[in-house]
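A, B, C and D label the chains in the order they appear, each numbered from 1.
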Amino acid sequence: MLQVGGELIASRRAGAYHHLTLVAPGVAELAAPGQFVALAVGGATSATLLRRCFSIHRVTPSGTYGGTVDVVVAARGAGTRWLTSLRVHDPVDVVGPLGRPFPLPTEPVPCVLVGGGYGSAPLFWLAEVLRERGCPVEMVLGAASEDRLFGVLQARRSADGVTVTTDDGSAGHRGWVSDVLGDVVDRLGAGVVYACGPMGMLRSVTEVASAHGAVAQVAVEESMACGIGVCMTCVLPVRGGDGVTRMVRSCVGGPVFRGDRVRWDAIGDGVTRVPEDALGAPHPGGH
Amino acid sequence: MLQVGGELIASRRAGAYHHLTLVAPGVAELAAPGQFVALAVGGATSATLLRRCFSIHRVTPSGTYGGTVDVVVAARGAGTRWLTSLRVHDPVDVVGPLGRPFPLPTEPVPCVLVGGGYGSAPLFWLAEVLRERGCPVEMVLGAASEDRLFGVLQARRSADGVTVTTDDGSAGHRGWVSDVLGDVVDRLGAGVVYACGPMGMLRSVTEVASAHGAVAQVAVEESMACGIGVCMTCVLPVRGGDGVTRMVRSCVGGPVFRGDRVRWDAIGDGVTRVPEDALGAPHPGGH
Amino acid sequence: MVDMRTVLAGTTLPNPVMTASGCAANGTELNRFFPVAELGAFVTKTVMRDPRSGRPTPRMAETPSGMLNSIGLQGPGIDAFCEHDLPWLEQQGARVVVSVAGNTAEEFGEVVQRLVGSPAWGCVVGVEANISCPNVANRGLVFACDPVSSERVVRIVRARVPAEVPVLAKLTPDVTDIVTIAGAALGAGADALTMVNTLLGIVIDTDLLRPRLAGVTGGLSGPAIRPVAVRAIWQVTAAMRSGTLPTAPVVGVGGVRTGTDALELVAAGASAVQVGTATFNDPSAPRRVLTELEAEAARHGVERFADLVGIAHERMVRP
Amino acid sequence: MVDMRTVLAGTTLPNPVMTASGCAANGTELNRFFPVAELGAFVTKTVMRDPRSGRPTPRMAETPSGMLNSIGLQGPGIDAFCEHDLPWLEQQGARVVVSVAGNTAEEFGEVVQRLVGSPAWGCVVGVEANISCPNVANRGLVFACDPVSSERVVRIVRARVPAEVPVLAKLTPDVTDIVTIAGAALGAGADALTMVNTLLGIVIDTDLLRPRLAGVTGGLSGPAIRPVAVRAIWQVTAAMRSGTLPTAPVVGVGGVRTGTDALELVAAGASAVQVGTATFNDPSAPRRVLTELEAEAARHGVERFADLVGIAHERMVRP
């Protein structure tokens, strides 16, 4: 885990997103698929103090500029708008790589990789690593509409098969990734489903994977203030190996969790509740 | 007085300063020497809310880009550092022209223009306007050191004579502008001394001018939060035509005042006190 | 088109956006940027009985996303105000909320008495008692820090203002329990509450190693304090909703720079919103905030602005 | 080289920069960015008697130059803390200030009792009583909002901590008169005061039109609140200088991001400084602030850091 003064060396539109390449020497060398970087935003006079976190799309450990890190950014609020309006050669402070990467299977089992929106960003690199290990890989990419799909062409290179869904039917199947996932898992005999995207999608992916005999490994996206494990803002309830549910920091305990360990019953409507049976949960008559 | 979304079209070093040219259509057309502009700083994510004020160095009412305004900026704090690190074509929000300009003599009397540091910035344009009206013009430029002088070459074009002083003797006479001012006023038989620079200098200029029979018109630099007259932060004690001292807003009542009207006795050590005889001054046992 | 009208204790305003006292002088300056009559109301700089020079300078310091000020209520005094400022505002067709203060509770009364006698009184749609200022009779303690002083001032002001014109009490957030102070003001007859005034702060000049303001302490304002303003509005309107406090409109102020900022205060319970420090950044801010707030109301699909007031209390997620 | 040592009620620290409780977890995470033993002291996340899950999420919202948090004191409980966290910090050679809290005054005592019995107790250079948390026995009112509750907690904590280890009382700025609370804490035996904890705030989500935090209110921190922290430190140390309060060291906290920010708190009267929210922006912030503060001290030509403590009180301009 490093903090480096990086530099933007490429910025291009990719559908609804911006694909940024940052020089961040050292970060690239240490990273594995599923990890993320935390970028400072707003420059020297910034009122936006908190870092913004982005999945690492891919890395180039060395090269003309030293190691580079690619991220795919959806411009939403103040920080992402600032990042996407940067010009080449602007400085960007980078902390990373952060979090636990996708765990890789020890055997060459078939895998399905599911990405929702920009959630597909970390999956291509993962696909390559899996295929290097001999795992057959298929991808399922979904989004609200065609412009919100990221990397469909890349997917065709990185995976043995690609299925696309959009909510509005503007590309691929009309519907959700979970509508098609079961068939893909069955067809491939997949042992692992990796997924990254919105919480609702991760929940359905977990359900479908379980129902079809696969393990789900999901990368969650919780609101993070620090990204390095010191603030406790990014927690979600996860059942441990001992069966006990704890409020786990998704920046250091995740962002990748086994889907069946996440307490989806506590998550919804933009709020994550503390399950009553969680360790240290408030109980009537005091905490 | 306008608020316009301007654009930086040139930025260059000038000794210790940065000389910026901004497109600000409409502002240039309305401005007169001694007025200033208030620039927003820090961009969309800025924590620095207050505008920064700068004397208008010169204007080009029309041209390829529409009207432009030039300012000379000393990079000191967060806002001026931001301004001086902008790149050409960056947007800059401009409010101006603000304040009362230098009053021009109705007769073609000789004038001396005194600038301390970047305080010389508004004087070249003033010199040109005065000479158009037939006034003989000499300039006295002073600064701590040579790199902090602004526009010595320009001065030689704009004025009939130029005297330079530096505290450390790195250019011109070693010493202060007030050391040489009396002689220049006498030699020229000047009726008006215009001055812009630090408060201490404006005070001595006023004293020297009075002692040598000239009227001083000084452009003060008070800390300003709004620049447009609504916040009351920029006041200083000024004796009115009726002999009453009031705490006058320097952004709308100034920045140019008759030197002998300013209550220098209340100003010093970085603080401006309220003279006991000022209108509404606090009195013992209540306000 | 959303119906942007808002009701302030009997008085209906065409829209809920106002200037904040002391951040817009008395109108002539901002009128060059937009017609001040377009605002729901124009709130004047706090006026006292006598002319006041205010404090020494420096009077201000920039702070992260805010500023500190110590103007010391510089102003012309109520007579000059009634002679020059109020008639000008009336001429523009502005609806005016006059902010008043006194060194003592009695002085508030004197100011109001002269104000009510002004020929331009007709344009006044509210009197805002700035009780967030020092009470000379009580060791300089701010009136609004003490329920008893707050009550005394409001009672005197309410007694002198004709019944059809609402009295607003402006509260400071620098108290342990703002609900108690709000209760005291309402109990004394305040028709509405303006919340919040600035927070007490100090900035040290790290070159000179002394306080940056000549007056040492100053009032902290700007976006930096918005979460405190929203919290104060929430607490007081929650107490009204639960019946702990009598119901009255709240005018929100603190850190509003955009229409969404204004919407935060409104959703927390404010029936109207004042724009202060943001005006120094953008002289058109009050007018722009109105346009943006209108767009926000339209985006949320409400027919009436009033439907948004306090809506966050209803939409709260219960864990 | 400036002598950066500072004395905290008998304990001498090699330098005056600390982490702020809850902004640095318990050390392992930051130790990857710099050796936590290099700080004057490491302040741990407030620990309570039992393990706590903390609040639902969202637990945070960014605000202009700051943030709002409502973690709800999530933590492992004092036993796990003594078993895992404290020994690790001791191993690193860190000087540790342990922040403690309880739902009741008695619970504070239990926590301290177990802490003092920890085999790693030797590395503890101070116990910080986080009295800015809710008192279950008093309708959830924050202890530090009430002088009587503050006094009770501090008395219990002081009684259980061995005399040679200082007890710090951490105060909230959300009170009408912080000098009174400071007086109560000192009267009850606090050896030093930590000022300030977060300000109570609310942010509304303007898309969902409901509070952004699941817990509705949260604590406001970051540079936005620095002028409030400086003011609180100033008021309390001014009262000490004038003899109204007994003299005791103040540990400053609130909005420190750089060495000059730290110097502001120091010049206002703080003998040591904690770095909180800035750590989220820059994981090396506490260590960097130390380097920068050292450079500031050198720039001002002092031989000892201690010469800067409270210096602004002496340099104040009298109008």
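Simple rule for what comes next: a residue touches a chain if its C-beta (ideal position, glycine included) is under 8 Å from a C-beta of that chain, and two chains touch if they have at least 3 such contacts.
Each chain and its UniProt protein: A, B = Dihydroorotate dehydrogenase electron transfer subunit; C, D = Dihydroorotate dehydrogenase.
What you see is a predicted model, and the numbers here were worked out from it, not measured in a lab.
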From chain A, what is the lowest number of touch steps before chain B is reached? 1
Please work out the Cα centroid separation of chain A and chain D, and write it as a whole number of Å. 35
Separation of chain A from chain C, taking each centre as the mean of its C-alpha atoms, in whole Å: 46
Between chain C and chain D, the Cα-mean centres are separated in Å by 34
What are the residue numbers in chain B that touch two or more other chains? 47-48, 270-271, 273-274
Scan chain C for residues touching two or more other chains and write them down. 55-56, 64-66, 208, 214, 222-223, 317, 319
Considering only which chains touch which, label the overall pattern as line, ring, star, complete or other. complete
Any idea which chain A residues touch chain D in the complex? 1, 3, 40, 47-51, 93, 95, 222-223, 225-226, 228-236, 246-247, 252, 270-274, 278-282, 286-287
In the complex of these two chains, what residues of chain B are touching chain A? 41-48, 78-79, 81-82, 87
Spell out the residues on chain A that touch chain C in their complex, using ranges where they run on. 47, 269-271, 273-274
Taking the complex as given, what residues does chain D use to touch chain B? 64-65, 223, 317, 319
In the complex, chain C residues that touch chain B: 22-25, 29-30, 32-33, 45, 48, 50-60, 62, 64-67, 69, 71, 74-75, 77, 103, 136, 208, 214, 222-223, 277-284
